[in-house]
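Here chain A shows up in two complexes: once beside chain B, once beside chain C.
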Partner chain A sequence: MNKYEQHEYDVMVVGAGGAGLRAAIEASAHGAKTALVCKSLLGKAHTVMAEGGVAAALASADARDSWQVHFRDTMRGGNFLNQWRMAQLHAQEAPDRVRELQEWGAVFDRTKDGGILQRNFGGHTYPRLAHVGDRTGLEMIRTLQDKGIHQGIDVFMECTIRSLLKDGDRVAGGFGYWRETGRFVLFNAKAVVLATGGIGRCWEISSNSWEYTADGHAMAMWAGADLVDMEFIQFHPTGMVWPPSVRGTLITEGVRGEGGVLKNKDGERFMFRNIPEMFRGDYAETEEEADRWVASVIANERPDARRPPELLKRDVVARAIRREVIAGRGSPHGGVFLDIASKRTPEEIVRKLPGMYHQFKELADVDITKDPMEVGPTCHYMMGGVRVNPETQESTVPGLFAAGEVSGGMHGANRLGGNSLSDLLVFGKRAGEFAAKHAKGMDSFPSINQGEVESFAREALGPFDPAEGENPYTIHEDLRTMMQRRVGIVRSEDDLRFALEELGRLRERAGRVKSGGNIQYNPGWHLALDLWNMIDISEAVTRAALTRTESRGGHTREDFPETDKEWGKRNLVIRKPGDEIIVAEEPLAPMPEDLQALVNKAD
Partner chain B sequence: MADEVTLSIHRGTQESGSMVEYKVPRQPGMVILDAVHSVQAMHAPDLACRWNCKAGKCGSCSGEVNGKPRLMCMDRVDKYPAGETITVRPMKTFPIIKDLVTDVSWNYEVNKKIPPFKPKAGTDWKFSQEEANRIQEFRKCIECFLCQDVCHVLRDHSKKEKFGGPRFLVRAASLEMHPIDDDDRLEVVRKELGVGLCNITKCCTEVCPEHIHITDNAIIPLKERVVDRHYDPVLWLWRKVTGKG
Partner chain C sequence: MLSQAELIDPQARTLTVRIKRYNPEVDEKPHWEEYKVEADGHDRVLDVIQKVKWEQDDTLSLRRSCAHGVCGSDAMRINGSNGLACKILVKNLRSDTLTLEPILGLPVLKDLIVDMKPFFDHYKSVMPFLVNDEQPPTAERLQSPAERARFDESTKCILCACCTTACPPFWGDRKYVGPAAIVNAHRFIFDSRDRGAAERLEILNDAEGVWRCRTVFNCTSACPRDIKVTQTISEVKRLLMTGNIDLDTAPSVVIGN
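Let's look at the complex of A and B:
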């Protein structure tokens, strides 16, 4: 009867990284019939690449830690633009979520007395990142995967959701295709959880995989949901810069957490001159003091020195590296040097950072136990995303939830390292729970609008139509180069206006894209469709960046270099009610006094 | 030409496929996956190939390069003699879907047969790094399935019905040797995963990109545990020949 394959589920989760898996496990545990739909094979999502660790105030490595300190660090890290309630729930619930992973079989590195070991990371006052060497994400995704497969969740692998279906104002499911056959598939669902990750494939130098094409951000916006904080993109300070093959590939912040230092070509540790006002007094001011801190960390003792400035938050370090390179003090291939060889023994480096050791040895012919690495900023993480209710993760569209990188608010203007894995767990669980409850509250399935489905189907087959048309890879490459240059780490009004015009031209070109081949497992076709998400979301980023006339966290304006108090009271909200993408300013939710006092402490 | 790389790549499906030659520009530090991506961008947008992390962490881009099982993202082009054509094929042990992509769903079915982690009642969750090390080695597995691809029992004898393969013996070992685990999977290891069919040729260990000692540290200890309950002629012979165990 139906033209397309169709499934009915209480809860459909889109994306099977940490947030999606955790949401599906929770929804299923609440009795919801749950589908987990993912673009790749199970266990290959971006979470697998997370290296450094998961932040949680377990206080197992330093008893002074608490959720209050974690909350304060997160708010300072985000330049106070964070949705405070999300930051609070995150800090309070992360320890339970990490212990729960252990109970499901995760094997974290151990302290001397057999507990969960925690490492230092940028912006975290105490050693807070539970970790497994430099492959924490793999441990997390495998643990969730192995828990999930015994949970009765139906997994749809290599299945891409293209558009959300609506029944009036509320969500009704999703429309997509099987990558293998190219056949269309419909999911009729009472609740949908987006857990699709980020948008990093819009930039040329990126640590992100092919999957990060802004699917969830775009689908939510098209379905009428609000997006928030879209101007804030995290450029991770340490990506590989040489050879070209690995440009942008991530080097864990754990290298600096384990004592690694940043130097320019003159051998100067330039981070000492790059400590922002907000953090003055919190970081070591001499190399001697920084070395003393590293020595105590190695000896597993409580440091009597302040931490090295290399462990400042990511936006600060990324900008400092960029300045060194522009000033002509960079490394031969346009980065700076990251040196762990002079700080730790070869045995320690191989044991604590095995992935980094092999990555450099095999891909860059560098032995990091002997020589420094060349590093530079790489597009890594999207702070902005679907605006959600902080308790339930429900978006402004009823029945549509979002968790993890695709959601916005939790990290404000800049995310601290380690807060992503904990975000996935805390809000993945919440999204799953409340999506299941939402579904339970509905007597019948929302109805599917066949006209809407037909228009999605026609649109999806568009790239096969033209006899003559442009190669999707060329358009994608041009988009990435343009965004890197015009909407990168440092922006200006001229660049952003130019970017908007360029995006208009790219949109026209995308309308004439030709995928070639047939519908079976055809990456050219898949990319041709993804161009639409990427171009629309690139525009959302550009418009938000143009509106915010100040510099804060992951948004730096050359023409407005100062942080402006007034802008600190407002978030930018993005909507696409018709053909135009519009930006609105909205005041931050007022923070209760007790939390405000925590944030103000010692400032 | 020295500034070019010539690849011969499998195109097509299980039923009908052939090797097609492509030339792409050579870049410093280039890996096989880069060359495949260049082919997609320049010559064949519809060339099917799996990949994700491009840093040896996700295990998506497994294939056979000049006949050897490899992660394409970690396999340097300059390792191969300049001017010689490099052949890239999909993994042989699994049915081809298209081009370089194979149907690995069987692996996910095997995984479901292994009973999950079951913690001891009343545990305080304390265990040492030394205890952790033993299973952390197994938990490094990125599920690239190259060990499954190279294993004779699966590759040449197609015994997927009777043998779960090295990957899932490693997974079973990671649970059996967990200091807090309280379950007993030895019957599953013997009957469902068919540990007795492994004839310890160590091919799996050789291809493992994570350098897990699959045979020595996972399979042989499992065989020993099983043999404590049941007789295993291969292990008997192994002990006889090597004097080990």
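Let's look at the complex of A and C:
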């Protein structure tokens, strides 16, 4: 008899955000016995916070849109480092995934003809984001959750997976604990899909949920899987900067999509002088032209003007805001101003952006229908993650799949807004499908190594051992402050080397961490364990950032400010074969000529 | 140009935080513990609790995730009323004593954490998914802006349980499906694309369904999303009385007010 609770499943999905739910639905539809294991309550995952919309070339708001244009926008958005095949599949399959979601009951805002309404977003040539006001993620996760309920998928709520189990080279399941009781639990699975989201809680100012603690990234690396593009972190240009308690909370890009403009303290729309070479000619050059564009969007007409430069891609806007603040042209609390009050009527603002209206009213005492918001960059999205086969989402470890934010490659050096919700639908489905197929191809369950289980159990109980020890919250706070200062939006060799040393010290402190109280529902203990994920993955990010001696997308080096053509031919791959985290350079997969032609095409 | 620094008065204050604690390992029944916390007026109740946890007593247990009112994890009783800890600011508290308890009517697991399973079971019982086996007419099933607006109100629910656990009939009768389940049934009953209304109405046409509602309005005042919960329940009741599922003539919900 095994001393721990044990379950057997064809497919275990870890994480119940959009990607995990979509993967579980698909695996189950393919006849696999599927477990969905999530550390929060069902329906509370980070996807719920997504606001602006899901990008898909449905062409319902502008008939000129197509997968080819979406593909091109995505590659340009990612500074051409994207895994091209993923970007292609994503652009081709996103419309079907959105229609399917609607068929399952999702509501969307509507065009006059009853079709799905689409809004403009940064870096997308045409209005492409299907949305529900500014609560698209909530609607999406609820629909997927309800679909899961309908299919009767087994859900293990508030159950945290801590480590992956291996049988030789392949994955054999996962080891974890119930949050409520603290009891350990084993899952023996023929295939595992990681859908654990991102790593944003390694930074001080972040729009991410408190649950974004790098679990999947770390588990995959520890299990021997390759990670890719770990140097690329997206700082969303518009987070709240005031009051301090909500600093970092997201303000949807939809505000700019609906006509909102960025101004410095002198009232200047500084984005006009921040249009990069690659995008020159695609954006309005005068306020008059930008205003005309907004007017046609309001009138629901095809614009005869180019888009306002506020709708440039996120890395460009975030750096421009940072420069304004450093030059002393910022707002009172260290941001810049985002003004929609002077562009739209109060009724329109409340109808189109109800969440933003209430968020500012309740948390900052600002009425956005009258006054501008103060905004600044906030850590928002991890482009890097588990390196996967673009067709199947299988990692370099057989039987281990990854989808959504925890996977890497799709977004290259920078993700376009709206491409994350479509990513998790497209690749969540693929991961579920191919995990089910993988499981079907196996005659028996992989075996579990009891010695490995015992060592995980000992490690997990470590924080209860010491009589005296440091509080996990202090270590976490120090990690976040350090990463914000040294591995933030702009990096340098000195800062990155300092960060590596600091991470060593934090690792030692984490080894002496002490959890107070007992094992039942003890968030301090959970954090003590999560610290290992966050410290290891922070190191992976730092080492990759140190290696890439250029600036591109979500990676800016003060000491190497230019984008380097040679670096544009290579991805960085991260592995941890032993105790050391190592970085390797690998050439990009060559792109077929027809796709290359699409990317190169001028307007 | 607006200066928010001038607009905002920090109103710092010292709070006496009373928290109802319960640890099933050692406690026979819940007890109160008190903490003193220096708080800024713009801190949220969640920040106050985290200060207690990080600086004074790390054994305190609560749920929290998104921390700005979207995921619905940190519902609790705050000075006697249900709310989300991440949406209530210190400056809006009427007294310097902050009393925190778990939401009522669900079994307490530890401190501020309740067992949500009974709540989710009620939610599942109303078939919260689109029922429609007809082939869609074209690539997508069309829905006019008016049809879409008809049930906008009930799509805002975040399943935080503030409404259901503020409901006196639910405290007395845990078999009652409760306001949140009815809101989610409403979301599909009034959706022009759905064909499962009759089945859902039959589930709700029961002593443990909508008829347990006594229109106390606690649910409406507790809802952190400003959903008019009682009105939503009344719409379902009226539909049962009139038997009229015609979506065009059903009472309309005002959006955005």
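Assume the second predicted complex is superposed on the first by the 602 of 603 C-alpha atoms of A that agree within 3 Å, B and C clash if a C-alpha of one lies under 4 Å from a C-alpha of the other, contacts with A are read in each partner's own complex, and residues count from 1 in each chain.
The rule is short, and it goes like this: a contact is a pair of C-beta atoms (placed from the backbone, for glycine too) under 8 Å apart; a residue touches a chain by one contact, two chains touch by 3 or more.
Given the structure is predicted, the values throughout are model-derived calculations rather than measurements.
Q: Sharing chain A, do chain B and chain C clash or fit in the superposition?
A: Clash - chain B and chain C, as placed by superposing on chain A, overlap.
Q: Does chain B (first) or chain C (second) touch A:Asp169, or do both, or does neither?
A: After superposing on A, A:Asp169 lies clear of both chain B and chain C.
Q: After superposition on the shared chain, which partner residues are touched by A:Gly267: those of chain B (first), chain C (second), both, or neither?
A: Only chain C is touched by A:Gly267; chain B is not.
Q: According to the stated criteria, A:Glu586 is in contact with first (chain B), second (chain C), both, or neither; which is it?
A: neither
Q: With the two structures laid over each other on chain A, which partner does A:Phe337 touch: chain B (first), chain C (second), both, or neither?
A: Only chain C is touched by A:Phe337; chain B is not.
Q: A:Val48 in the overlay: touching chain B, chain C, both, or neither? Say first, second, both or neither.
A: A:Val48 sits against chain B and chain C alike.
Q: Which holds for A:Asp113: it touches chain B only (first), chain C only (second), both, or neither?
A: both
Q: Quick check on the superposed pair: does A:Val366 touch chain B, chain C, both, or neither? Answer first, second, both or neither.
A: second
Q: Once the complexes are superposed, what residues of chain A are shared between the chain B interface and the chain C interface?
A: In the superposed arrangement, which is not itself an observed complex, chain A uses residues 40-46, 48-49, 99, 102-105, 107-110, 113-115, 132, 135, 137-139, 146-147, 149-150, 180, 209-211, 242-246, 249, 355, 358-359, 362-365, 471-474, 477, 515-518, 520-524 for both chain B and chain C.
Q: For the complex, which residues does chain A have touching chain C?
A: The contact residues of chain A facing chain C are 40-46, 48-49, 99, 102-105, 107-110, 112-116, 132, 135, 137-139, 146-147, 149-150, 180, 209-211, 242-246, 249, 265, 267, 331-333, 337, 347, 350-351, 354-355, 358-359, 362-366, 371-372, 374, 471-474, 477, 515-518, 520-524.
Q: Can you check the complex and tell me which residues of chain B touch chain A?
A: Counting only chain B, the residues touching chain A are 27-31, 34, 40-41, 44-60, 74, 76, 97-99, 101, 104-105, 108, 111-112, 116-117, 119, 125-129, 131-132, 135-136, 139-143, 175, 178, 181.
Q: Give the list of chain A residues in touch with chain B in this complex.
A: 40-46, 48-49, 99, 102-105, 107-110, 113-115, 117, 132-133, 135, 137-139, 142, 146-147, 149-150, 155, 157, 180, 209-211, 242-246, 249-250, 355, 358-359, 362-365, 471-474, 477, 515-518, 520-525, 527
Q: Using the touch definition up top, name the residues of chain C that touch chain A in the complex.
A: 1-5, 7-8, 23-25, 40, 42-44, 47, 53-54, 57-59, 61-73, 87, 89, 109-111, 113, 116, 120, 124, 128-130, 136, 139-145, 147-148, 151-152, 155-156, 158-159, 188, 191, 193-194, 226, 255-256
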